[in-house]
Structures are given as structure tokens and as C-alpha cells.
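Okay, here's the structure, questions in a sec.
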Amino acid sequence: MSDWPRPVDGVTVPRFAGPSTFMRLPVREDAAGLDIALIGIPFDGGTTNRPGTRHGPRQLREASGLMRRVHPISLTEPYTLCRVADLGDLPTNPTDLMQTLDLVTGAVAKIRKAGAWALAAGGDHLLSLPLLRGIAEGEPGLGPLGLVHFDSHSDTNDTYFGGTRYTHGTPFRRAVEEGLLDPKRIVQIGIRGSLYSAGDMDWARSVGIRIMTIEECVDLGPDAVAAEAQRVAGGGPAYLTFDIDSIDPAFAPGTGTPEVGGFNPREAMRILRGLRGLDIIAADLVEVSPPYDPSGNTAMVGATMMFEILCLMAETRARLRPL
Amino acid sequence: MSDWPRPVDGVTVPRFAGPSTFMRLPVREDAAGLDIALIGIPFDGGTTNRPGTRHGPRQLREASGLMRRVHPISLTEPYTLCRVADLGDLPTNPTDLMQTLDLVTGAVAKIRKAGAWALAAGGDHLLSLPLLRGIAEGEPGLGPLGLVHFDSHSDTNDTYFGGTRYTHGTPFRRAVEEGLLDPKRIVQIGIRGSLYSAGDMDWARSVGIRIMTIEECVDLGPDAVAAEAQRVAGGGPAYLTFDIDSIDPAFAPGTGTPEVGGFNPREAMRILRGLRGLDIIAADLVEVSPPYDPSGNTAMVGATMMFEILCLMAETRARLRPL
Amino acid sequence: MSDWPRPVDGVTVPRFAGPSTFMRLPVREDAAGLDIALIGIPFDGGTTNRPGTRHGPRQLREASGLMRRVHPISLTEPYTLCRVADLGDLPTNPTDLMQTLDLVTGAVAKIRKAGAWALAAGGDHLLSLPLLRGIAEGEPGLGPLGLVHFDSHSDTNDTYFGGTRYTHGTPFRRAVEEGLLDPKRIVQIGIRGSLYSAGDMDWARSVGIRIMTIEECVDLGPDAVAAEAQRVAGGGPAYLTFDIDSIDPAFAPGTGTPEVGGFNPREAMRILRGLRGLDIIAADLVEVSPPYDPSGNTAMVGATMMFEILCLMAETRARLRPL
Amino acid sequence: MSDWPRPVDGVTVPRFAGPSTFMRLPVREDAAGLDIALIGIPFDGGTTNRPGTRHGPRQLREASGLMRRVHPISLTEPYTLCRVADLGDLPTNPTDLMQTLDLVTGAVAKIRKAGAWALAAGGDHLLSLPLLRGIAEGEPGLGPLGLVHFDSHSDTNDTYFGGTRYTHGTPFRRAVEEGLLDPKRIVQIGIRGSLYSAGDMDWARSVGIRIMTIEECVDLGPDAVAAEAQRVAGGGPAYLTFDIDSIDPAFAPGTGTPEVGGFNPREAMRILRGLRGLDIIAADLVEVSPPYDPSGNTAMVGATMMFEILCLMAETRARLRPL
Amino acid sequence: MSDWPRPVDGVTVPRFAGPSTFMRLPVREDAAGLDIALIGIPFDGGTTNRPGTRHGPRQLREASGLMRRVHPISLTEPYTLCRVADLGDLPTNPTDLMQTLDLVTGAVAKIRKAGAWALAAGGDHLLSLPLLRGIAEGEPGLGPLGLVHFDSHSDTNDTYFGGTRYTHGTPFRRAVEEGLLDPKRIVQIGIRGSLYSAGDMDWARSVGIRIMTIEECVDLGPDAVAAEAQRVAGGGPAYLTFDIDSIDPAFAPGTGTPEVGGFNPREAMRILRGLRGLDIIAADLVEVSPPYDPSGNTAMVGATMMFEILCLMAETRARLRPL
Amino acid sequence: MSDWPRPVDGVTVPRFAGPSTFMRLPVREDAAGLDIALIGIPFDGGTTNRPGTRHGPRQLREASGLMRRVHPISLTEPYTLCRVADLGDLPTNPTDLMQTLDLVTGAVAKIRKAGAWALAAGGDHLLSLPLLRGIAEGEPGLGPLGLVHFDSHSDTNDTYFGGTRYTHGTPFRRAVEEGLLDPKRIVQIGIRGSLYSAGDMDWARSVGIRIMTIEECVDLGPDAVAAEAQRVAGGGPAYLTFDIDSIDPAFAPGTGTPEVGGFNPREAMRILRGLRGLDIIAADLVEVSPPYDPSGNTAMVGATMMFEILCLMAETRARLRPL
């Protein structure tokens, strides 16, 4: 028990002091003995518009210093339920996209094999693909996962720029094609923004993905959105991916492809809180781009969502694999 | 058909590449053959507080590069319904307000005479006056127009600074006085902010203008606001003017006279979408001031609203003057 | 009557011209003859995280230049009801916390003895303590006050950093201990954010403080929140304290301990407007930190709230102590 | 002696506290009894490119709070030599250029008639014209003045935009034409930047203006530049005008027409210090535009130059009109 | 002669109006008939540290609107000497580095074959490689070029990240290896910053590259630096590459790998002016990264240097290939 | 040898990846076995003007990631000469100045007793006092130290705000009074800025401190300044303190008391390089205030100076206490 990792307490050491790690947790070199590993993936090579998410992990660590230990509503205590630590950044090559996909897949598989579940901070949204690949490689028996996907875009395009198959606009099409996700258990929440063509969502709908536009989400309200996400993605292990651009850019300007008219953070937190009971066994929070975030608010929103997701994962872990 | 203007596609050419034009549309020197002309009016000489809207057209062009071709809810395809292009900036003289009013009036009249409808990006709100004058001059038979007016201020003051009759706080009083607008068909949406005196709105109410304060708008909800706007401004051709300060300054800080407590963009988009069916035959989006917009979000909100308005105008045009 | 203070009118003198005072009111050296004194307290020595509120008073003065004379909904005219002026900044010592507490207490007592009610602009939240002390010293017969407290934190911790009793996280515990506040008439509105431990609120609840989390506030709606605040804090003179971090950091990033998921300003204004009838006999607005406010929006929100609070105080004053 | 104005001391009252006035001096309503009046002129209607200098006086006041009482090299004590105070802002109309020229001329004439010399903070450079007119009107016997002119532009164009004679690019041509300045006693220091045409300087040179390009200034060094300025502008009363864009935009980005490759502040201070002995009887510092000055450094440079100029004026005043 | 391209004049049309093109020149679709083509290359895939230079061309176009027509010292009139236009942006794929190298090479070759010389705005420094390749392909007889290279880094590393051969730290090693440059005619100006190892420059020196550290440049002074550059790179056609990080980051913060202690722009302009007579037959200005440039000064410095380089190229062109 | 600490190499792991430590060095919990300990002291309680240096250590760590391993001119390799690591942040209490002085003194003494020399990153300049106290306590035989002091202020005031003896304007007066420094071996470099009174420097001069104003430094040139510093501070062990406000605020805006007209970084680096041979046995770099540093350049300058100082200390250590 003596090496059960605990975050530094802001009442003892001021929040601006000491190393900047996820949630002020200790850094571990190895996933062994951890239930949940917080990892950074500093890579933005899949970005089609504004870059900068390579700097996301550092700024998310810094902002996460504002998080305390206990969830204010559910009173979940993730660090009591689970052994959680900061595992540092995965290896990447900023100038080589295909190599980075392999590096990340390998590193994630290793973490999973060591028994730890990953909560990753991006980086751009293409990273969900090697995360899903690595989980499948690390724990082959899991089978295709369900997906709860917060985003303003469906990210199920086929190709860009005359044939490029791997960008941050294509990961979930690739993941379905590769059998990593079960399309009938995918729910996309907050989709909005103008379309390239009226048929942009045709493929997604044809394979059974449930698309909830922001208009539908607003009309239903957060609690009903959460219930629908439970219905679609439930019944097995699920991955949660949170693109920060699901949040309105006034709250989260620091991102690559902002879309006006998104969730405010309160709504997103309420939906996340409504996902208790789902089996979230891995997750990511992506597309935080510090160069476009002069006030730092994007990272603060991101870190807050990471804490909400961590609580969901810790409860799942404690439920499925009690100590 | 070969010169029907089409926007550059972000899936082919990255959004940060190529010239920065409204909606990535081609630039035309002449309005002939166009249904709708997107124009910039870089002028802020009517500003009583913080300047900078002279830089609005450029930043709105840049931000509009994020807009795609199809409306996400109505699936309206404005560039299929109409020939739309960027007609560049109208002539102005930054140091001469009265001359600029004449220059703009003349240029707008010429566009209207060529058969194109203008959607203008300001510039300050005084520019609505020469826009209305130019429309009347270019198409004399139209008669007084209805007006859907998004704003936090009524802009119906009489004079400023001891007798000045032309500022961005007076255009709609002048337009009513000049017979350009029918006051009984004017609806002002989102009015708020403290008052100079308890009688600030007396003139507007006395001529029959329908003022909807932000409190009333919030109590009614966006759909009912849109219905009321349809009721008031319907029954004939109408002008739509969108002052970006109708949006709360957290979403749109880059403006000259911000007022806390405004619409969030989602609400404004919902109201705009509820205006389908109105005969919007010209419009402007004004008061975007880039120097006060460090994150660029104001222009992004503005460009998004321009796309919503463009869809309304394209539908009207296709309905009233089919190809 | 000739020296009844009046704000400069923006229709006469542009808002960017002339000295920057609270609400463009005249500056007075002395509280004598005033009903309400607007004061600044430039001090941030009680801050445990990000500093900078020492610069709050200046930026709030600047932003308050956008306020006009009449409340847009209630049509309250505070400067007709009461004699209001800017009394400048109270003395502080930026490097000596305990001395500053005494300096502020003394200055506030003197103002109260002169017959004026203070509306203070901070500075950090610890300043509520010497404000309450000064009021008690200046008007001993008032007895323990009720408190309407807008905040994302309860600020009722006991100690920090191994025994420090005076920080911006402890003022209301101290004030209850000192008999300055009646805990059963304290209502805290908007509380949220993760907790140090599950028992963080135990003391507050044990003494009878009514804590309304942001979740409860959202579920109830602004009007019901205001009604509850009236119920709890009514029945006697009350103090109103408004921590700007009760507002979501997208609207008010310039603060020391931001918490994602707060009120938008429209909601807060609606709650404040629902407090009419309460006997608000002094107030503060605190935690505006300009260095973290690149767009200046935080101060604009703060100044807007100050005007709302001023209207409440002016009505109370006119009701309780007619001219 | 008791009302001899003295600045507030930063060792006693922190610099961030109290009202923001020029050099922390007291505010006076009237120039009577003053030797030197510090005035603001919040107007940018003559600007041909980026606006915002209407906000210059406020930011210069704020920045000037960092100035102390004694010159570090010459040990000049301006507040001992002269009675100096902040006379507030002159009247302007932001939407009417020609009216503003008259308002400023009148106000300056009145100050001069009261016996005070003006050191003005702009505002744009066109304001030098009404300042010179006002001085001539207030003290007719002075005759044409010499001019020491720091700038990156000559500001002697004839017209803009098809005939406009009054912009911030024309004041010194107008002033020479009106007999306010003696062109043979004009020296322009730091001129640089690309030219509209090879003949841009022809008029200036034809009337005898001495143009020192930045290249010449760098080759000569600050001390020789000062000596040349003394030679040209000496032999009678002189006006000093300091356009902040003479400073390189890395040091002073907040200006309307920046030109790369200017003075660093240390060089400019050295030249100013070398002007001791010249009869500087009025001056301005113009073109500080806060919206383009995110770090505030421009105003800080501006305030520092104002202090240097104030020392020159105070010495001149004490020499020419001893108490 | 009627289609000889001319820039828009700022005395006629305000600089904030109209389309944003390089130097306010007309846009051409084709290089035919041009002497010098200004091109943008929006790509940052070779960046090893902070990204964002993909946005460089747009911001450089915007900033170049401040340039006028005539060089202030040499009085060179590039638009009279040569036909110069904005040829838009070359094709790139933001997610595919190797494809982009080929796309750029092909496009540059085509321009060169059409008879135009390219002055390119990046983008990251790797782009110099396809620029050199394209020139060699488009005009095979040129032979290895000389190189005048302004930079804080030598950019002659062999590999990064375990074997990656194409990054913005390797272009000139590749170019020498490929025979595109004559290493004995390469001069690198302004090199500084700490080293990975004491042997970092060994390869460069071994092939004969002349490295001038910033210390040496400061000791020599700009004129002697220019003379040395003439000596080394003279005797044949030369390429000029200007990495904006050669400038000190206070003047040019918007770049990916800033190094404290660089040139100020005045020094760099002086060196460039000293290169007259060299046969500069193509050039680039790279590494301007707008997301790191809050004040826009970096692009302004970059545009100023582009104008200086354009004058050099125009003189060379007029000398070598008179009309 | 296996645990000899080495920085992470930017050619292997991108600079934006991995934990943010000083110079990318490993973190150590204990000073034992180290030659030089890099420490942060996050405290700004002694600040009399703009706060924020409590956030300095984090931003300096981040910026120091740009430093490589070898000095570019001297080719000094500090990590080969010495065992250097990041020892984290010392304990502080942001709300208690006197307690913090004691905490820092104790921690520094402990490091010194363990045999390591400290290079500290502040924090405000008052921290030099407990650093000097801690060194004296940890190594009593050292005796009064010499001091090389880069600053724009002498920091030898006696009291502030009516008697406060401990602020960032007083540390060196206290240190001389306490016998920690030998005033005859103190040299202050870069002093400038206006004075409170003509006698501000009297005490410093009376005890023998050598004050070099910026004017003198500019006239002498960097090499002669370094020689004079060697002359004054030589002849025994010396402390080096570098206040970032010695650098001109265009290069280092993020500081609490900026003074226009300071060193550019190139000059400061040249002076530091000229100090080789002095026995620098401890040092600090203070007054970096991130909230006032929107571009991050201040921290970059600070980190660069820290590397220069580290090289000086490593050479001293290797000379005085060879391995």
C-alpha cells in the first residue's frame, strides 16, 4: 500500500509549485501495478487545419493541477478506488505520421498488457486509431468496442487531399473497417457545422452509427442524451473519446477545427455524469491546441473533462476488476 | 454554367492555403451575372467608443474559410441555388464620414442595378444606412423595407456629442425618417444594457418599432422569437441586420460597444433558422472589430452567422426570382 | 442639491475620454454626505493560487465606463435615489497581510461612521473579512448580518499551508467565528468544483450555511434560486459578496482559482434582479485579476454585476433611510 | 506653496493603487497657476491605417505611474522646477474630424493664455496641427516655431484618398503652409520605410526641412544626431513632436503605421537628453494605440519619453520664465 | 505594357481594404510573362519543435500591405524594373511530407520553366530543398548555386528521431549531397544558440561552408558581414534563404525554434542592402509562425525582409536579363 | 558513473515531449551527490508592483527545454564538468512572507550542506536574501561574498510603505547589514530608471557599492563592463544575481517593475561570458513573471541567461573542487 500513488494536496503545497504532472500525481516509468495510466501523446501530424496539439499534453498537465481529489457531485474518489499515475508521454516522430501510428500502437499495447487502462491526452484525433489498435493488441479478447464520441465532426471521412487515408478526419472509419469498433455501438454526440456535401454522413449512417446533432442534443437535454448514449454504447466494454471541439469555441478556442454553437462545459459535464454504469475501459481527450488558447481556458476545460472521465473509468475498473 | 462560382473545397485544398475570400468563393470585379454579392465595407468612422471594425471584412473573410457548402440542418446548398461571389471591398475614406456614406450608397446602388443582392460585412453599424439608401436607389420600386435587427442596442438615438446626426447609434432613426424602412415592420431582437435615460426607447416605440429585450427573448425561447420576427417583419421584402454585439461578449469580444448578457451563438443560429420564409432581400453583419478579438472567435461567430444569413437569402432569391 | 454627484454621460463625452472612475462618477475624498461609496481595495495577499487582483480596482473602474445610468429592466435610477461617488482606493500594504486587514477594517469603519454604505471592488476574497469587521465597528448596532454569497467555492476552510488562518479560502469561517455573520442566514450560490476531501463542506453545513451547488442552481433556474436566497438571507440586514469566479471562466477568465462549469452572466444577473426587497446594506465584488484577462471581459462582467448590486443597494437605502 | 502639485510617491502608496493620472500628479480643472499642463487628446480620426490612438491617453496615464520624480542622469527634478499637473482630456468628437480640430485648437489656446505650456498625449499625429494652431492663437507673439520631429514618416504629404487634406500624414505640410512652423528650423529624425514614389520627400526638402533618415542617424550615433537637431531647430522657441512609431515596433508595436528598423528606446532617450538647452516650449507624444499593444510596452515607452520631454520643458521654463 | 502588374497605392485605397496579396500586387494564375513570382508555400510538416508556419503565407501577405513601392535608401523601384505578381500558394498536403516535397518541386520547376524567378514565403525551412530541386529541374544549366543563408542554425544535421532525413534541420545537407548547392559558396550568417554536441558544425566546415556566428557578425559589423557574404557566395548565381529566426525573438517571436540574442532587423536590412551586386536568382523567407506572433510583428519583419530581397532580385534580373 | 545526470536530447525526443524540467535534466529528490542543484522558488510576496513571479519557475523550466548541451562560444559542457539536476521547488507559503524567508533559508542551507551549489530560479528579488542566508548557514566558512548584480534597480532601499523592511526593493541592504555580502565587492550593472529622490543611491555608494548605470555600460561596451565586474567582485567567492528587468522590457516584458532602455540579451550574454574566471559559487535568476509575458519571450531570455550562468558555475566548480 505504501506506494499507492496519491496526488499532491493544494492545501499543503501551492498549486503553482512543484512538477507539473497530470492531476499532480506521481510519475511512473512503468505501468506495472497501475490500474489507470494517464499518458500524453504529443503529436499533431494528422491535422488538416490549424496545428499545435503536439503541445496539448503539457498544457493539460499544467491545467490539471487545479483538479482536487473528490468528485463534487458523485463524491467518487478515483485515487482511492484505483492506483492512478502519470506515465509520461508516448514516443512520437513529429515528421513521420505512419511511424508514429506504429509507435503509439506499440506503447499502448504494452501498457494494456501490463494490466493498466489508459486515459490519453492528445494530440490530434487520429491518435484514437493507434490507441484502439494498441488496446486490441494488448488485450485481444476484448473484441470490437462500443464508442461514446463527443465531437462536432463525425471523423468518418474516407480520404483527404486526393487519397490520404490517415488524418484526424478519418480515424473512426478506419477503426470500423479494422474491426476495432462495433459501429452499431457507436454514438456521436454534438455533431454540427456545415457540410462538404449533403451526403457527408451517409457512410456513418449506413453502418449503423448513431449521430446526435447538437440541435438534437439541445432539444433532448443532457440527461436524455446520456440515456441514449447508454442505450447505444452499452452491453459491453466501451471506449470514450472526447474531442475538445465538441465544446463551443468561446469556452475552448484552442483547437484546430472550431465550430461555433457547441456544448457549454456544464452540459458536457452533465452528460458525462450520466454515463455512470457504462463500462468505459479506455479513453482519450484530444485536439487541445495551446497556441490558439491565449487564456488557457481550453486546457482547463480539457482537464476538467479528463477528471470526469477518470471518475467513470475508476468506477468501471473497481466494478469489473475489484482489488 | 461553366462560370457558376463555386467555393474551394477544404478536402482538396487545405483551408489555410490560397487566397482569403468570403466562403472561399471566387472574386469578381463586377456584380453582373451574380445573384448574391458578398461585399466588405472597411469603415469605422461612425464608432462612438472602441474603433477597429475597418479591419472586419478581412478577418471575416479569413474566418469564413471554415464554412463548408451545405447547411447542416436545412441542407440548403446556397451555391447551387444561386450564383454567389466575393465582390471585394467598397470604396471608403477612413477620414471622411460623409463622403463615405455617399461612396457606399453609390456602390450599393450599382450592385443592385446589376441585379445582385448584397450581403455586406462591416464596418460599423452606421453602414446600414448607406446600404439601405443604395438599395432604394438601385431598385426604387421596392418601397420601405421591413427589418429584422439583431442587436444589444436600438440604434435609434437622435444625436450624439452635441448634434452629430450620423453615428453607429443613429442609423435606424435616419432610415425611418428617410422612408427607407417601415417602422411597423421593424423588430429589434436582443436589446439590453443599461440606459442613458428611462426614455431612451420612447421614439422607437412611438413609431411602432417592436423591441424584444434579451430578457423577453430568453423567456420566450428562440423558436417563439423567430415566430414573432416573422409576424412583424413579414408581408414584404425585408432587410436583415446583424450586429455582432447581440452575441454575448464572451463569444464575441471583438466589438466596439460590448454588453454583457447577450445571446450565445447557438440561440442566434436557432432564431435565424426560424426566419425561413421571410423575404430577406439584403443583409449586413456589422461591428466585428479584430483588434479586440485576440482569439479570433468573434470573426468565426460572424462568419457562421453570415453563412446562416446567406442560406436565407439564397432561398429567398430562388423563391422570388427562379433561374 | 448642486453637489449631488452625477456620472458623465457617454452621449456628451466619449467613453474613452476623461478620468477613469467607477461608473464615471466624481471622485470624493470623504464619505460625508454620501449614501453609497464605491471603493477599491487593491490587495491580493490572501491569494493561494494565481495573483493579480491587486490590479482589479483599476480595471473595474475602466470597464465600468460602459455602464449607463438606468437599469434596463427595473428602470431603477441609482444616482437619483442616492448620492453615490468614487471614494478611491483604501490603503493597503502589498507585502503585509495582517497590517492590510487592519488598514482596511479601519477605513471601512470610518466610511460607515460617516453614514455611507460601501460597495467595494477587490482584491481577493479575504477582503470580505475586514469589510465585515469595519462595518461592525462603524455601526455596532447592526448585529450579525445575513450573507448572499456568489462563488464557486465555499471559502470556509479552516487553515492552509500548515496553519495559515487568513487566506482567500477562509474569510467566512473567520467571520462566523467572530460573530460578524449569522450562519443560518448565509446562502452560498453556485458552489462547484472538485473537493479536497468528501468532508470539505461539513463545517459549513454544521453551522447551518445553505449551500446551493451549481447543479442545484441549474435544476432550479435563476428565479427559484433568488427566491431561496431571499428566504435564507432575509429578515434583517444582509451583505452581498460576489466572487467573479462564480461565473464560468469563459466569461470571466481573469481570476485566481477558476472553476469550469459556472454561471453565465445572464443567469447571475437574473438571480441578482430577483433579490429586490432584500436589505443589502453593503457588498463587494472580488477576485477580478486583470493579468489573466487578455480581452478585458472579466472586468466588464464584474462592472456589470457591480451596477446590478448598486441598484439593489440604492433601493434598499432609499427604502430604509429615505432622504 | 501649499498647492504646489506633487506626484504620489510609490514608496508610500503602491503604484497600482489610486487614480491613474499622468505621472501620478494631481488633476486640475484649470491651467491657471500651472507652468506645464499634461493633457490627453483622445482622437484618432486622422488615421489612415490602424486606429485606436483614441485610447492612448488613458494607457499613457496608466503607464506613467512607473515614472518617479528625478531624472536618473541629469538629476533634473521637474516637479521642483515647475508646477505640473494633469489637466485631463481635451474635448473631441470621434465622428467629426473638422470639428475636433477646432475644439482642440480652442482648448490649447485657452491653456496657453492661462500661462501654461502643454505637453500633450495623443491621439494621432494630425493633432500636432491644432496644437500648433492653439499655441499661435494663445501666444501670438511667438512667431513660427522650430520643430524637432521624431518619426518614421515625414508627414508632409499633400492629400490622401483623392483630395483629403487633413490626415495624420499631412500635419506638418499644413503647419508650414499656415506659417506655424519655420521649415528651415524643422529637423525630422528617424525617417525610414519604403516610399510611395521616389519624390515623396521633394516638397519637404524644397522648403528646407532637414530630414535625417534612420540610416544616417545610426551612422552618426545619438550624440551627433542631437547636436544636429540643436543646430537646425535652435535659435528660438521650438516644438517637439514624438511619434511613437519612430521607435522600432518590437519596442512599440501599439501604433497605427509601424515601420520595421527604428530606434530602440535607449537611443531615443539619448538623443532627447542631448537636446538640453533647446527652448522646447510645447510638445506632444502621439500615435500610441493600445489595441495593438498586448503587453503594454508601447505605453511604457511612451510614458518614459514623456518624462524625458517633461524634463526638457521644465528646464526651459525655469530658464526662460523663472518663478 | 497594359498588363504590367502594379501594386495598389495606399494613398488611394486604404491599406486595410481590398484583397490581401503579397505587396498588394495583382494575383496571377500563371507565371508566364512574369519576371518574379511571389509564392506562398503553406506547409510545416518538417518542423521539429513548434508548428504553425503553414499559416505563414497568409500573414506575410497581410503584413506586406505595409510595404510601399520604392526602396528608401537605394531608391530601387522593383515594380518598374520587373513584372512581379502574386502567384498564390503552391499545392501541399499537410499530412504527407514526402508527397509535399514532390508537389513543391514540380510547381517550382514549372514556374522556372515559364521564365519567372521565385521569391517564396514559407512554411518551414525544409522547403528550401524542393525549391532548390525545382529550380535545378526548371533550369538545368544553372549548376550548383551559391547560398546566402541567414539563420540561427546551420540546418545541416544528418538525421533526427532515429533516422529521419527530411526535417527543417537538414535541408542544406541534403542540398549539398544532391549537388544543388556548391558548399564552398555557402555562407551562413548569424549562427548561434547552444549546441547538441561540440561537433555539431563539423560536417558543414568539412565541406567548406563558411559559418559566421552572431558573435563574429556583431564584432565585424553589418557592412563587413555583407562584404564577406559577397566574397563567399559571389562568382555565379546564388540563392538567398532567410530564416526569420536569424532575427532576435523579441522582434520575431513567431517562429518554431527561437534563439535569444539574434540580429535586430536594422542590422539584417543593412546586411541585405550590402548584397547588391550578387546574382540572387531565387530566394525564400521561411519559419514565420503566426500562432506564436500575438502582435503580428514577426510577419511585419518578414514582409520587410521580403521587400529588401525583392529589390535585390529585381536588380539582378534587370542586370542579367534586361527587358 | 551510471547515475551521472544527463539532459534529454532534442534530436532523440522532441522538445515538446516529456516532463518539463530545468534544461531537460532528471529530477532528484536530494542534493546528495550533485555538484550543482537547479531549484525553483515560487514566491512573489515581496513584490511592490505587479505580481506573478510565483509562476516563474514553471515557465523557466518550460523555456529551458530549448537549451542544448554545449555553450556555442566557449564550448563549455556543463553536464560533463559537473553533476547537475533539477531539485524541484523549495517550500513556500504564498500568504506568509516571513515564514517563507525561513523556509527558503533552511532549504538552501540543507542543499549547501549536502555539497551542492544552488542555481535558483525565482520568484521575486527578495529571495536573494534567504538564498544568501542559507549559503552562509550551510557553509559558514565562506565569509561575506562578492556580488555581481544585474538589475535596473539597486534594491538597496531601507523601507517601504511606512516601515516594511523586507520587499524586493531591499534585499541587498539587508544582506550587507547582516554581513552576508562584502559591499566593496558588490558591482551593480545596468542601473537605470527615474529616481524617487536624488539621494536614492547615497547609502549604496556610502558603503562602497560600485554602481554602473546603463549609460555607463553602453559607453564602455560589454567587454569593459565585464572587466570592471571582475575587478570589483573578484578576489574571493562571489554570488551572481540576475534580475530579468536588467533586460529591456521589449525583450523581457514579463516582470514586475519594467524599466525602458535596458540591455538587449546579446549584450548581457556578452558580459556574462566575460565573467569567466570569477568564482561564482551560487546564483539566482529572478523576477520572471509569466502573466505579463504573452509571447513567452521573457522566460526564454531567462532560461538562456541561466544556461550562461550554469556554464560559469560549472567551470568554477570544476576549477575549485575537481572530481
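Each chain gets a letter, A, B, C, D, E and F, in the order it is written, and its residues are counted from 1.
Convention: a contact is a pair of C-beta atoms (placed from the backbone, for glycine too) under 8 Å apart; a residue touches a chain by one contact, two chains touch by 3 or more.
Here the structure is a predicted model, which means the values were calculated and not measured.
Enquirer: Show me the overlap between the contact partners of chain B and those of chain D.
Expert: C, E
Enquirer: Quick check: more C-beta contact pairs at E-F or at C-F?
Expert: The comparison resolves to E-F.
Enquirer: Just how far, in Å, is the C-alpha centre of chain C from the one of chain B?
Expert: One centre to the other, that is 39 Å.
Enquirer: By residue number and range, which residues of chain E touch two or more other chains?
Expert: 14, 16, 48, 50, 54-55, 94, 160-162, 250, 264, 292, 294-295
Enquirer: Taking the touch definition from the header, please name the shape of the chain graph: line, ring, star, complete or other.
Expert: other
Enquirer: Can you name every pair of chains that touch?
Expert: Result for touching pairs of chains: A-B, A-C, A-E, A-F, B-C, B-D, B-E, C-D, C-F, D-E, D-F, E-F.
Enquirer: Flag every residue of chain C that touches chain D in the complex, lowest number first.
Expert: For chain C paired with chain D, touching residues are 13-14, 16-21, 27, 40, 42, 54-55, 57-58, 62, 88-89, 91-92, 94, 294.
Enquirer: What residues on chain E touch chain D, complex-wise?
Expert: The contact residues of chain E facing chain D are 9-12, 14-16, 66-73, 75, 77, 250-251, 264-266, 269-270, 294-297, 300-301, 304, 307.
Enquirer: Going by the contact rule at the top, pick out the chain B residues touching chain D in the complex.
Expert: 44-48, 50-52, 54-55, 93-97, 160-162, 164, 166-167, 291-292, 294
Enquirer: Spell out the part of chain D that touches chain E in their complex, as residue ranges.
Expert: 48-50, 157, 160-162, 192-198, 200, 213-215, 218, 248-250, 253, 257-262, 264, 292-295
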